[in-house]
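Chain nomenclature is as follows: A, B, C, D, E and F, assigned in order of appearance, with residue numbering initiated at 1 for each chain independently.
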Amino acid sequence: MVLVVLAAGFMLILLGLYGALIHRNILHMIVSFSVADTGVNLVLIAVGYMPGRTAPILDSNVSVADAVERIIDPVPQALVLTAIVIGVGVTALMLAYAYRLYQTKGTLDISKFTELKW
Amino acid sequence: MSGLLSFMSFVICVALVGAAWVAIRSTSLPMAILAAGLVSLLASLMFLILAAPDVAMTEAAIGCGLTTFLFFFVLGRVRGGEHD
Amino acid sequence: MKTLLDVIGALFLVAGTSFLFLGGLGLIRMPDLFNRIQSGTKATTLGTILTLIGATFLRPEWGIKLSLIGLFLLFTNPLSSQVLARAAHRIGVEKSAKTKVDLLVEPPGDPR
Amino acid sequence: MRKFGNQTALFVTLFLFWVLINGSLSLGTLLVGVVVSSAIAAMLPGGWDPLREFHATPAGFSAAYHFLIYFIKELIRSNIRMAGVVLSPRLPINPGIVKVHTKLKSKMGRLLLANSITLTPGTLTVMLEEEWLYVHWVTVESTDIEAATAHIVAGFEKYLEVMYG
Amino acid sequence: MVDLLIYLAASLAGMAFILAMIRFVIGPGVSDRIVAFDVVTIVAITVIIITALEEDRVVYLDVALVYALLSFLGVIVVARYLERGF
Amino acid sequence: MTKRIFVFGMLIGLGAIFIDLLLSYTPDSALNQTARYYAERTATDLGAANIVAAVIVTYRGLDTLGEVTVLFLTAAILVMVLYRDHGIGINKIPNRFLPPTGEMLGTGSRLLVPLILLMGVYLFANGHLTPGGGFQGGAIIASAVLLLLLTNPNQTFNLQLFSLTESISGIGFVVIGVLGMFFAGGFLDNRIFPIGQLGELFSAGAIPVIYTLIGLKVGAEFSSILVHLSEEKEES
């Protein structure tokens, strides 16, 4: 079961990289990056999952005493939470650069930006 | 994880890869952005089934919500420009 | 008594998801955007509310939170479909050939 | 004085929501609720439409109750009718956008009317302009303004007129 | 009995999900796709509730509240984009 | 053409690595040592019911401080990048035509904005008990700002207020961390306030306070990103 999720996550990473490499439009590339980002997060969470256990939140259903036997590892979840928030920051920055490039050049096609070509 | 949740996660994973395919291959930008939002949404459901409600909520509010809004704002700004 | 409540709740769940399924079917079968909004978002609203009622029967102690979700959905869902229908009409989305009458005339002066 | 009353009503509503969403009545919840609700109420000058325009009289509350009953009945009935339309192989639809008239003056009343029309399947408010509503109707039965008004609006309007005027 | 009915409900929700995905893939315009997106979000709320029932955790329901808000805002953003509102 | 071949070769190589990883994956059956420590000690030591929140705010609190700093830098760089130079800009769009939003959206957003704000506050004030926390609550608050922005695109927001909220919350976060060094075990230790009883709103020491500060800060940052990306401003 977890293998299916892992395979889907790997597929997302590969598809995202493929899209980022073949597209010429900057916004399409950013979309592909965000898809790959989601795939990485999915893989991390799927690796941290343990069958038959539940979320690491204590309430009336999961008491303090049997927490060790019933909850899953909280560390990957905390890492992925951080990764998502940083991911939106990176995306916002990329979008701002793309908009700025559009303002100066009037195009979003990456093959038109030839100043640094050698 | 019971059989019911296994079944649901299988359906969601197939839909996830399909939505990612649409996001990568479509030539129209609004469609690609919507499909990327759908990928985030389905991934968030998957996080919930994998017993990570915190991450599911973050992905729904930030990955699927705010990122899509930012994309549409920028798309509204560059509209009328060249598209490939 | 407990099992009777459970069975009633599960029946509500099945009724709600049937409405969801009908909404999905309408989304596929309807010919144009406005009819799709009609069957897509309205049937699903009732379906979700029936599901919430069913879950309330199954776990009575969750009732307050479930009813808050339902209330929120009741206010937000029609608003979003109205705004979408307005925008679609304004940009001139194609209506199906069966459409008999359209009394809403766009005001002149629109830049398109 | 009236403005102050509006702010208080908003505060009370938000506080009620806070207690409901927390689902507990401990001292900490109530204290934080007071602080949060008063902060949000202070940030929104001019009060809150749904409370400011509501006629808080016995007749108003009774009309609200009857409105709710009528709305639920109408919701289920029209959903079942719509299910029949979707399931029938010929797809017997006859769509169109008709124009109807409402007597309601207050903004909140009009919003509730438009939402109720939208939530009952078969009718969808496309635009609300002053006192004219443009409604998309899956099975158009009459294009005349008066007849359409009687068919779509009148049932809800009767109660909303008492509630919001 | 109850388990069987919940299985039936989950498979009906799964079918609604698949139908909405089909509309998302074939829908001719952006506006059709956003309707499909909305339906997927609302079906997702049902899936969350069924998951919470299955795992018996009340804490999952908070996520459903966020979803209800999200479907509303997403549709409004796309609608305003379509009519060139920003 | 060579580029295509290169891309496909790289993807096939990565795919082989992934398939290898996939086939050799075996799920753990018991928690590892760190996770076992967190599961056993969080409730008694820190009093937080949501162990993920405890990890984020206390055990790995320094990382979160860095994360918040990264977000702050993102917002600042975004303002710098979008600052408009009068000489270069090619698309000055003076007073574009914006279609009216209509009465329904106006009334509806007035109805919903207070409830959305309340929901955001609920998420970050209860971060130590239920899923949610500063980042999610901040995003919801930014969504309320987004709704206002959509309802009236020409609305002006008080950007000074945003940056003031952001600075004060950031300073508060650091000050609470430093207080932990003096009155408790170390930097960002949450036991400077009483631990309280598990499950109450006033429990888990400083975790709700820090999450509230993070929520306000993140909400202000996301709001300012949204406002800057959506507004055509003559000066930043």
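The working rule: a residue touches a chain if its C-beta (ideal position, glycine included) is under 8 Å from a C-beta of that chain, and two chains touch if they have at least 3 such contacts.
Not measured: the values here are computed from a predicted model.
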item	value
For chain D and chain E, chains touching each	C, F
Pair joined by the larger number of C-beta contacts - A-B, B-F	A-B
Geometric centre distance via CA averages, chain F-chain C, whole Å	31
Centroid spacing, where centroids are CA-atom means, of chain A and chain D in whole angstrom	40
Whole-Å gap between the CA centroids of chain A and chain E	21
Interface hub residues of chain B, defined as touching at least two other chains	51, 53-54, 56-58, 61-62, 65-66, 69-70, 73-77
Chain A residues counted as touching two or more neighbouring chains	2, 7, 18, 49, 51, 54-55, 57, 59, 72, 77, 81, 85, 92, 95, 99, 106
Residues within chain E bordering two or more other chains	6, 10, 17-18, 34, 50, 55, 57-60, 62-63, 65-66, 69, 72-73, 76-78, 80, 83-84, 86
Chain pairs in mutual contact under the definition given at the outset	A-B, A-E, A-F, B-E, B-F, C-D, C-E, C-F, D-F, E-F
Of all residues in chain F, those that touch chain B in their complex	50, 52-53, 123, 131-133, 135-136, 139-140, 142-143, 146, 222, 225-226, 229-230
Residues on chain B engaged by chain A in the complex (per definition of touch)	1, 6, 9-10, 13, 16-17, 20-21, 23-25, 29, 32-33, 36, 39-40, 43, 46-47, 50-55, 58-59, 62-63, 66-67, 70-71, 74-75, 77-78, 81-84
Touching residues on chain C, where the partner in the complex is chain D	19, 22, 25-26, 29-32, 34-35, 37-39, 42-43, 45-46, 64-65, 68, 74-75, 77-79, 81-82, 85-86, 89, 95-96, 98-104
Chain F-touching residues of chain A, taken from the complex the two chains share	2-3, 6-7, 10, 13-14, 17-18, 21-22, 47, 49-51, 55-59, 64, 67-68, 71-75, 77-78, 81-82, 85-86, 89-90, 92-93, 95-97, 99-100, 103-104, 106
Residues of chain B touching chain E in the complex	2, 4-5, 7-8, 11, 15, 18-19, 22, 28, 30-31, 34-35, 37-38, 41, 44-45, 48-49, 51, 53, 56-57, 60-61, 64-65, 68-69, 72-73, 75-76, 79
